[in-house]
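The following blocks contain the structures, represented as structure tokens.
After this come two complexes, each holding chain A, first together with chain B and then together with chain C.
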Partner chain A sequence: MAATTVPDKTTRRHAGRAAGPKAQGGRGGLSRKLSQNLQAYGFLIGAILCFGFFSWYPMVREFIMSFQQTKRGVTSWVGFHNIKTVYHDPYFWTAWKNTGLFTLYALVIGFAVPFFVAILLNELRHARAYLRVLVYLPVMLPPVAGALLFKYFYNPEYGLFNRILKIFHLPTSQWLDSSHTALISVVIAATWMSMGSATLIYLAALQNIPGELYEAADLDGAGLWSKIWHVTIPQTKLVLSLMLLLQIVATMQEFTNVFLMAGGNGPENSTMTVVYMVYQYGYRYNNFGGAAALGLFLLLVLAGFSGLYARLNRNSD
Partner chain B sequence: MAEFSSANRTLISSATLARPRGKAIYWTVLSVVLVVFTLVFLGPLYWMATSGFKSVHEVLQNPPTLIPKDPHPSNYKTAWTQLKLAKLLWNTFYYAFGALAFQLVFDVAAAYALSKLRPVLGNIVLGGMLATLMIPSAVLIIPQYMTVLDLPLLHVNLINHPWAIWLPTVANGFNIFLLKRFFDSIPDDLMAAAAIDGAGPTRTLLSIVLPMSRPILGVVSIFAVVNVWKDFLWPMLVEPDPSKQPINIGINSLSQGVPQNVLIAALAISALPTLLIFLLFQRNIMSGLTAGSLKG
Partner chain C sequence: MSRIRYRRLVAVALVAGIGLTGAACSSSDKKDDNGSKTSSSSAGTPLDPKTKVTISVDCMPPTTKKPERKQWLDDIAEFHKTYPNVTINSKDTFPCEDTDKFTAQLQGQSETNVFYSYVTDLNQVLDAGQAADITDYVNDKTVPNLKDIDPNVLAILKDSGKLYGLPTTNYSMGLIYNRKIFKDAGLDPDKPPTTWDEIRTDSKVIQDKLGSKGIHGFFEYGAGNQGGWHLTSALYGAGNNVVSEDGTKAAFNGPEATSILQTIHDMRWVDNSMPSSAGKEWGESQKAMGAGQIGMYLAAPDDIQLMVQQYGANFDDLGMAPIPGGKTSLMGGNDYFFKKSDSPDQIKAGIAWINFKFLTLKKGQFNYGRNKADGIPVGLPQPFFFTGQAKATDTADKTQYATVPVANYKSYVDAQVPVKGEPPNAQKLYTVLDTVMSGVLSNKNADVSKLLSSAETQANQLLAAGQ
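Right, the complex of A and B next:
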């Protein structure tokens, strides 16, 4: 790729506008440069406007709104009032605890399971295409189909899951109806719905491991686990750590599944996540300032994770 | 299938697998995996499709039945009319393909300009676009909503309008990144040759760059459609009018007061389009997934 983009002086001189402004020189260059730039920005304008309206401006506005309040159509600065309000909200820590637990469960289940599934699939020599399609199938379900289907399976009276547990004489569960199990029930369903993408990404990474490494490990008399520990994991470390970060960032923003399966806050607020609280502030209490302030907390925490990741990655190089 | 050289060998060597004990273990593991995976991933879908045929009584019955005793295909018809699925599906389709059109036009043009026309401050624009990938989307939902409520400068309210779904999807830093990286790999010599032949940038884009970029355009298109199809919170906020809602929000808000069997039939219908898209384009989707995620 690098070789093709190295500018070739002779072609560049003739390249005219297609090769960019650097190719120009001498007299008449200025107006030509200008028209070239105008053309280029003509191509860019649609995207720039969309980014401006729906990304860049909202980013700035998020900060501004956190320190503002609108009452009866009048917007005023309120300093740290919004931040204090959400911080003193009786459910502030509940929401953080649930979000943290959700992320933790999602890491234990949703991070480890796809990795081992990928290792397993990579070892199999048959039916690979079929198994890959199977694992990815739920990813393509609309969230409403996956979530409401699981809600039906989780029903303590007639749900499929309790029925299966009964067949094996295992204790049944209240699933979504109990504050002890609601959060983990949502995580299990969410993992089922989304693990396909992580599995395929791991599978691609596993296929890039040179076979010689396993042969060398075999010669050293390494067993299965020690091969996984000393070859597979180090060789996929980059992908694993990136996926870990992406998963933390994604699961800390959980909303859809708790909303669809547990009605948002769940029994005794056991599934109330931070994003659900943002939603409540904005659309139930009509307090957009509070919602923005809460979003700011979330942004700080997630930026912390990203910063930590960047730091760890640099150290390991 | 059986040939495995050292280049593609994995944890367990072919030699180990060739021994009788290895063979026995391999076939056992394979059959267990096939059965368990089919049950875990296909089972719920089977249950959804068949429960849609059950009567109200049967769907709530304990123990549940594996095969509907007395199938009621009319549930699907009831779901279709009672939940207005035709309208909901049409809305979703309209939003998804509109978003696709906007993303293809604006993001391709932008990535082309940044990659090949390289305007002044182009790198800053690109940096600004990629920076949006660092901001979690849930954080921006409130200020974005306020923006849609009263678009700055123009003072238009986009609530209940498809623009509210279409336009924000263009602001997708990841698309720009994927497209620009692909365009970067197209040799500048080709651009130069086109310029010598008198082709302007638009002509070069349409007749040289786009035909060469089919794979990446396929990936971007599929993800554009699927993302809109799967989105939940944003369309719930910006399309409050029930007649304008996409399927995810429509089914959920109409689900109260609908008998369980009819609701499940509706879920099965709602799942069909994306599952079909997947089965048709699975190769592109899977390769796009790995191409897109392994940055670097």
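Right, the complex of A and C next:
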């Protein structure tokens, strides 16, 4: 069937280009091909250099460093010493537990809330544009300012949150000052600061769902939850799964908020995340090999999640 | 060649290229001791004034600190009268040491020829292979006041008997208290507390009398290694160690630690004489004391100047007492190192400058008459590193030109608490001790003994692993 189809312009152009060098053959053809694609190679080299220098080289360097140690100015190979060191750190599992909990809380709060806000925004007939701006506003606040603002809000003595709780005669909380509530307090603040972006992405996905599907669901007598479950979620599955992966990758690398709000490790090390531990190894303990080894652990875990995502997506295709 | 094979070839070439670059860079990172240029036979002689040499020096005061900046530039001009051929390239830095930036500079070998650091950074600087051995360069000709510098202070800048830095300021931890708050609470500001029991009593009085105005008796840190650092100070005050003499075992779990922590716990939860929120980052105590919101906290005397200049405090309101317990005191301070790649003449020029600016009485930082005229406080109990004749001269000069109420620091100065450096693996141990400190500050039902036992196990785990 393909043989009988008249090729369109694109196909003809590609076919011609492919046939050209073969027809002419030899080095002349190759140099012509090179000269024809000079610009493309120029861009390619630029991109490779940029990625190589700023992305790939640091990763390779980190990998190398995780097997090295510098003592008294001499850098030597130490095999798995750094990996053993960080593995035997008394807070290794604490950091992983906190990172896991942070990710879990962030998924429960930070994944669900923006999605439902997006659904609400999508349902609105009036003032949607204004509300979209309002929802996005916190993202425009510099992360440091946002973190310090929440630190102030969380102050058990004069902070906004406890004042509100007192107005309603509700029990107050120690927020960032208790090992039981510090981590979740950071998650709440982090979610507030970043939910604008996620909401807009979900909103864009929701607006791409054909209206006929909802009309059909209406005709079948579906309620709001049925529509969300049977139409909205399946139709936005790809975006949701991508956002899920991005959120896992981002939250497992949490550093800024715990550093700014909870002094890093927090009460009884309850906010010590793996990346904060990387920071401690590098900048507090001056052990870059240990920091690199911890980074390697994190890289492997995140690569695992990415692989899982790719596999799930392939299966769903 | 198929497209796939072609891609594979490109990928292999790329990875090999990156690998080679990495290997090349990593091999360039290998540093060895042969690079040291400190074995010059004429090392012990002062710099010949005819020698033409250029050095870069950091920690020039920023333009916002006008008098300090002016003095730095004036001192360079005066130094040039003796050494006209020495060019000093000053680097404006504030703060003088940002810990993270300092670490990055050491790793990138981008520090100045003569670089500022905290005295507690020696191991980090040596591990990075960045400090020149200046043992042969420093003697009574190049640093005339050397014999009067406290040997304990110099010992902190030594490794295996070799000297690597020169001190510029130092301190020992004590108790800063607000005399005005003491007065307002009916306490005698000339009799600050000297034990933890007295701290608790005074703290409660302050809270009872002034708590309604948002003033608390005592302040403590509970995160970011600050809590661990303060607990170490408190333990030193009680005469305790954090680790055993040979550095192999934790040595903090004892009755003194239990008693101190229980007192802090009770101040926080029984007396409610501390803020509900523990300090989480360095600077919060200074801010609160500067604003007149807390009565006391553990600190070094340089905090006094910081609180006045940055947080609106008044010199008359601030007093300083020795560390509670008064057995030993955690010391710290600042110094300059000399980059290992410096030439012998650069090292000599650097030492000549540091000697002129920071170690010569009546010159540089010790020119108290000029400090008074320029509005820089005179009379604070630091630097604290001179002994003997130099100390006597310094004290006399300081008294003559004093602009701050020297009597407010009398009990701190008179106590002369012996100083002690940080424990080995200090930062890791501070992380462990942070857990204990934050435990009593954040948990009303904290079990102090359990917290200490658990921290002891963790510290031993670190020490056993040779970390």
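As a convention for this text, the second predicted complex is superposed on the first by the 267 of 317 C-alpha atoms of A that agree within 3 Å, B and C clash if a C-alpha of one lies under 4 Å from a C-alpha of the other, contacts with A are read in each partner's own complex, and residues count from 1 in each chain.
Keep this in mind: a contact is a pair of C-beta atoms (placed from the backbone, for glycine too) under 8 Å apart; a residue touches a chain by one contact, two chains touch by 3 or more.
None of these values were measured; they are calculated from a predicted model.
Put chain B and chain C next to each other and count what each touches on chain A; the higher total goes to B. Contacts of A:56 after superposition: both chain B and chain C are touched. In the superposed pair of complexes, A:73 makes contact with chain C only, with no contact to chain B. By the touch criterion stated above, A:314 is placed in contact with neither chain B nor chain C. Within the superposed three-chain model, A:295 lies in touch with chain B and out of touch with chain C [touch as defined at top]. Contacts of A:156 after superposition on the shared chain: chain C is touched, whereas chain B is not. Of the two partner chains placed by the overlay, only chain C lies in contact with A:268; chain B stays clear of it. Looking at the shared chain after the overlay, A:48 reaches both chain B and chain C.
Judged by the touch definition given at the top, the superposed model places A:283 against both chain B and chain C. Contact with chain B, but none with chain C, is seen for A:148 once the two complexes are overlaid on the shared chain. On chain A, the surface patch touched by chain B in one complex and by chain C in the other comprises residues 48, 56-57, 61, 65, 157, 282-283, 288.
On the chain B side of its complex with chain A, the touching residues are 1-2, 4-13, 17, 26, 29-30, 33-34, 37-38, 40-42, 44-45, 47-48, 51, 59-64, 102, 105-107, 109-110, 112-114, 116-120, 122, 125, 128-129, 132, 134-147, 151-152, 167-168, 170-171, 173, 176, 184-189, 191-192, 194-196, 199-201, 204, 226, 229-230, 232-233, 237, 247-249, 251-252, 255, 260, 263-264, 267-268, 270-271, 274-275, 277-279, 282, 285-286, 289-290, 293-296. On the chain C side of its complex with chain A, the touching residues are 14, 17-19, 21-23, 25-26, 29-33, 35, 99-100, 103, 107, 123-124, 126-130, 222-226, 275-281, 340, 425, 427-428, 431-432, 434-435, 438-439, 441-443, 457-458, 461-462, 465, 467.
Contacts from chain A toward chain B in the complex involve residues 1, 4-5, 7-8, 11-12, 14-22, 36-37, 39-41, 43-44, 46-48, 50-51, 53-59, 61-62, 65, 119-127, 131-138, 140-145, 148-150, 152-153, 157-158, 160, 163, 192, 197, 200-201, 204-207, 209-212, 214-215, 218, 224, 227-228, 231-232, 238-239, 242, 249, 252-253, 255-256, 259-260, 275, 278-279, 282-283, 288, 291-292, 295-296, 298-299, 302-303, 306.
Taken together, the chain A residues at the contact with chain C in this complex read 48, 52, 56-57, 60-61, 64-65, 68, 70-75, 84-85, 88-91, 155-157, 174, 176-179, 261-269, 280, 282-286, 288.
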